[in-house]
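Look for chain A in each of the two complexes below; its partner is chain B in the first and chain C in the second.
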Partner chain A sequence: MNWEVIQSYLPLYEKAALLTLKIGWLGIAFSIVLGFVCAIIRHYKVPVLHRIVGIYIELFRNTPLLIQLFFLYFGLPKIGISIDAEVCGVLGLTLLGGAYMAESFRSGLESIEPIQTESAMSLGMSRLQTIWHVILPQAISSSVPAFVANIIFLLKETSVFSAISLMDLMFTAKDLIGLYSKTIECLAMLVVFYLLILLPVSIIGSIVEKKLRFAGFGE
Partner chain B sequence: MKKIIRKIAAITLAAVVAAALLAGYAFAADDVVYRTVDEIKESGTINIGVFSDKSPFGYVDEYGEYQGYDVYFAQRLAQDLGVEINYISTEAANRIEYLQTGKVDVILANFTVTEERAQEVDFALPYMNVALGIVSHDDRVIRDLSEIGADDRIIVISGTTAETYLVKNYPDILLQKFDTYAAAKSAFENGTGVCWANDNTEVIAFAIENEGYTVGIESLGSADTIAPAVTKGNESLLNWLNDEIKALGEEKFFHADYEATLAETYGLDYEDTLVVEGGVVAAAE
Partner chain C sequence: MPDLGLDVLFKGINMQRLLGGLWVSLRISLIAIAISIFLGLVVGWLMTRKNIVIKAVTRVYLEIVRIMPQMVLLFIVFFGTTRLFGWNIDAELSSVIVFSFWGVAEMSDLVRSALISIPKHQYESAYALGMSEGQTYLSVIIPQTFRRLIPLAINLITRMIKTTSLVMMIGVVEVLKVGQQIIEANRKASPNAAFGVYLTVFVLYFIVCWPISMFSKRLEKKWS
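On to the complex of A and B.
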């Protein structure tokens, strides 16, 4: 290990980490919104839309992100749609994450017994009130662990962005190795930077999981 | 709270173990990882690192077979050693790693000889000449690097001499880096970047094979050579390769190689410019 080398690479890694974080968090934020909407459409079987959403989820859950990115970045320009690499990254992550988030959230929705809806409505709540005050809080609570797992998964998926020329952590490391052959330093820094990004997520995630565990009985 | 502290402690421990493993790898790297000629012969197979996406030098054809100038040479090496070839598809950026970890015996992936690389691997005698070249779209042909604007980007492949050259000599020019030849090619065709810097052999081949492109700069940087590379310190294989290249010069092997693999793309005009026979680079005219 050569500490001077590590020091001289630090700014490049910081820049790469910021890009990874920027694309990662934007993609995750959008995928939560998308997943939420899709899950509701699927759960309440909105006519026509729920079939389209079903196809979308199966398509994106069962193809690798790398292929989705290739399609967005190299395929779409062939039919006249040119998208900037960063936007492609966010879009790819959103579409992939949306499909995963939708399934996690749907499992949360489905874990709530129908009797709760029936009870709430028999107490005079409207359908929307039932969803908002009774179903959603519990569904969110029970899908939090899956959400956190998805977030970590999506952040790690950013490591394939090098395929579309985004200088994320992985590509920066590979590129520096190619340029200067300081393999050990580059790989060690890569591990440390990913840990720096992901450890807080996993720690905060487990705290949030505990705080939000109010659905269900017997605790 | 206790649980969280315990968790952090456990994770830190895991990180330390990971770091220790990496450090262990650093020490292990000092061990001998290469195979001598005798060991290769004994095992019956030689591992050769080639490109799989770089027509006409190293590529996989429509039947799934490796083809090209480098591959033609690889086949001859295996034949003369009396062993089978196990092709390993490499990317530009990981050619050195493959040798340093002993995963390949020889790299024959259009590997340009440079001083920096020679510190990491051992190069045998050269078998081809090369310089850098720049290809642009016909509607805006770049004939000099001073034409590159502040917001313009040049496409390069990560780990190539074009990247090193531009990073070192033109640090202000923005580069759009791709990790494979195929990705760079697709992106360039889609209109990413104003031009593409790569080995001149490749940009010339690209402009010949695809319509709408012009090589505005045919030769940039220093005139370099391409040579086989082996793991640093593998004297036995290095000496064998050098003898082999000298012997092949007698029968004009690389001219035959050129005619079999490159002539279709370049025509015969470039034959004497590109081919290095017997490891002897002709003095510049």
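On to the complex of A and C.
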């Protein structure tokens, strides 16, 4: 292990980590929104849209992100749709994440017994009030563990962005290994940087899971 | 209608080559899946033991797998071990090692949570009826565990198949790499091949994974 080498590589890795974080968090934020909308559409069976959303979810849950990115980045320009690599990364992550988030959130919605809606209605709440005060808080609470798992999964998936030549951590490591073959230092730094990004998420995630476990009354 | 570059698939043996590439990734995932299921059952059962050392070791193992991207593990096994120990592990074997390492962790976690979800009174009632420990496991615990386990394990299988697409990054010539080769070779004749070929690869993965996930969903509904 050569510390001078590590020091000289550090700025490159920092830049790459920032890119990974930027694309990762943007993609995750968008995928939560997309997943939320899709889950509501699926759950309340909005006509027409709910079929389209169903097809979208199945398509993107059953194909790897790497292939999706190749199609978006190298395939689409051939029919006249060119997307910048960073936008492509965010878009790919959002489409993949949206499908996963939608499924997690939908199973949260489905886990709520009809009696909850009936009770809220009989207390004189309107339909919107019921959804907002009774259904959503419980659905979110019971889908938190799946959400956390999805967020970690999506952050890990960002490692495939190097394939569409985004200069993320993986790309930087591969590039530096190719140029100077300081393999051990490069790989060690790669591991440390991914730990720095993912370990806090994993720890905070398990704390949040415990704090938000209030749904499932009477179990 | 723009040229979708689908014609290239019907030239020569391009389609067979793509399918051959798909088989390379499937073969890697099938071997890794077999290893994961077998070792995962053992490790998962070990994890329910009350031994502190086993608990600590498996916990660290699980966290490593949970946190490290599979691509990083692939790089470590493929590039790192050569540098560190002078081992020359070829790309396919590296992939099998990494995906088994990952799959065993995931599988054992599923086995563990399925086992601990069986209420204690099931064991106690079986003992009270005079069953031995072996009998209890064989006719009471394992059948119940399997119902919870199988849909989740099938889900894991599709995840492993999807993740094997990464092996292209360490130089295994699988479906995506074959696709690239076809596109390069037909650069002049069909300049839009990238669209058609990548779309086909996308559809191929979907055709492989979708029936498996549907099957797992149906089992889950039926058995819950």
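Rule of thumb we're sticking to: the second predicted complex is superposed on the first by the 217 of 219 C-alpha atoms of A that agree within 3 Å, B and C clash if a C-alpha of one lies under 4 Å from a C-alpha of the other, contacts with A are read in each partner's own complex, and residues count from 1 in each chain.
Methods note: contacts are C-beta pairs under 8 Å (C-beta built on N, C-alpha and C of every residue); 3 or more make two chains touch, one makes a residue touch a chain.
Because the structure is a prediction, the values reported are computed rather than measured.
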Answer with first, second, both or neither: which of chain B and chain C does A:212 touch in the superposed model? neither
Looking at A:21, would you say it contacts chain B, chain C, both, or neither? Reply first, second, both or neither. neither
Examine A:82 and indicate which partner it touches, taking first as chain B and second as chain C; both and neither are also allowed. first
Between chain B and chain C, pick out the one touching the greater number of residues of chain A. C
Who does A:203 touch here: chain B (first), chain C (second), both, or neither? first
Let me test your reading of the model: by the given contact rule, A:175 touches which partner, first (chain B), second (chain C), both or neither? first
Looking at A:146, would you say it contacts chain B, chain C, both, or neither? Reply first, second, both or neither. neither
Answer with first, second, both or neither: which of chain B and chain C does A:5 touch in the superposed model? neither
With the two structures laid over each other on chain A, which partner does A:163 touch: chain B (first), chain C (second), both, or neither? both
Touching A:191, do we find chain B (first), chain C (second), both, or neither? both
Could you list which residues of chain A make contact with chain B in one structure and with chain C in the other? 74, 77-78, 162-163, 174, 177, 183-184, 187, 191, 195, 199, 202
Residues on chain C engaged by chain A in the complex (per definition of touch): 2-5, 63, 66-72, 75-76, 79-80, 82-84, 158, 162-163, 165-166, 168-169, 176, 191-195, 197-199, 201-202, 205-206, 209-210, 213
Which part of chain A faces chain B closely enough to touch in the complex? 1, 73-74, 77-78, 82, 162-165, 167, 171, 174-175, 177-181, 183-184, 187-188, 191-192, 195, 199, 202-203, 206-207
Going by the contact rule set out above, which residues of chain A touch chain C in the complex? 58-59, 61-64, 66-68, 70-71, 74-80, 152, 156-160, 162-163, 170, 173-174, 177, 183-184, 187, 190-191, 194-195, 198-199, 202
Which residues, counting only chain B, touch chain A once they are in their complex? 4, 7-8, 11, 15, 18-19, 22-23, 25-26, 29, 92-94, 96-97, 100, 116-117, 119-120, 158-160, 163-164, 167, 176-180, 183, 186-187, 190-192
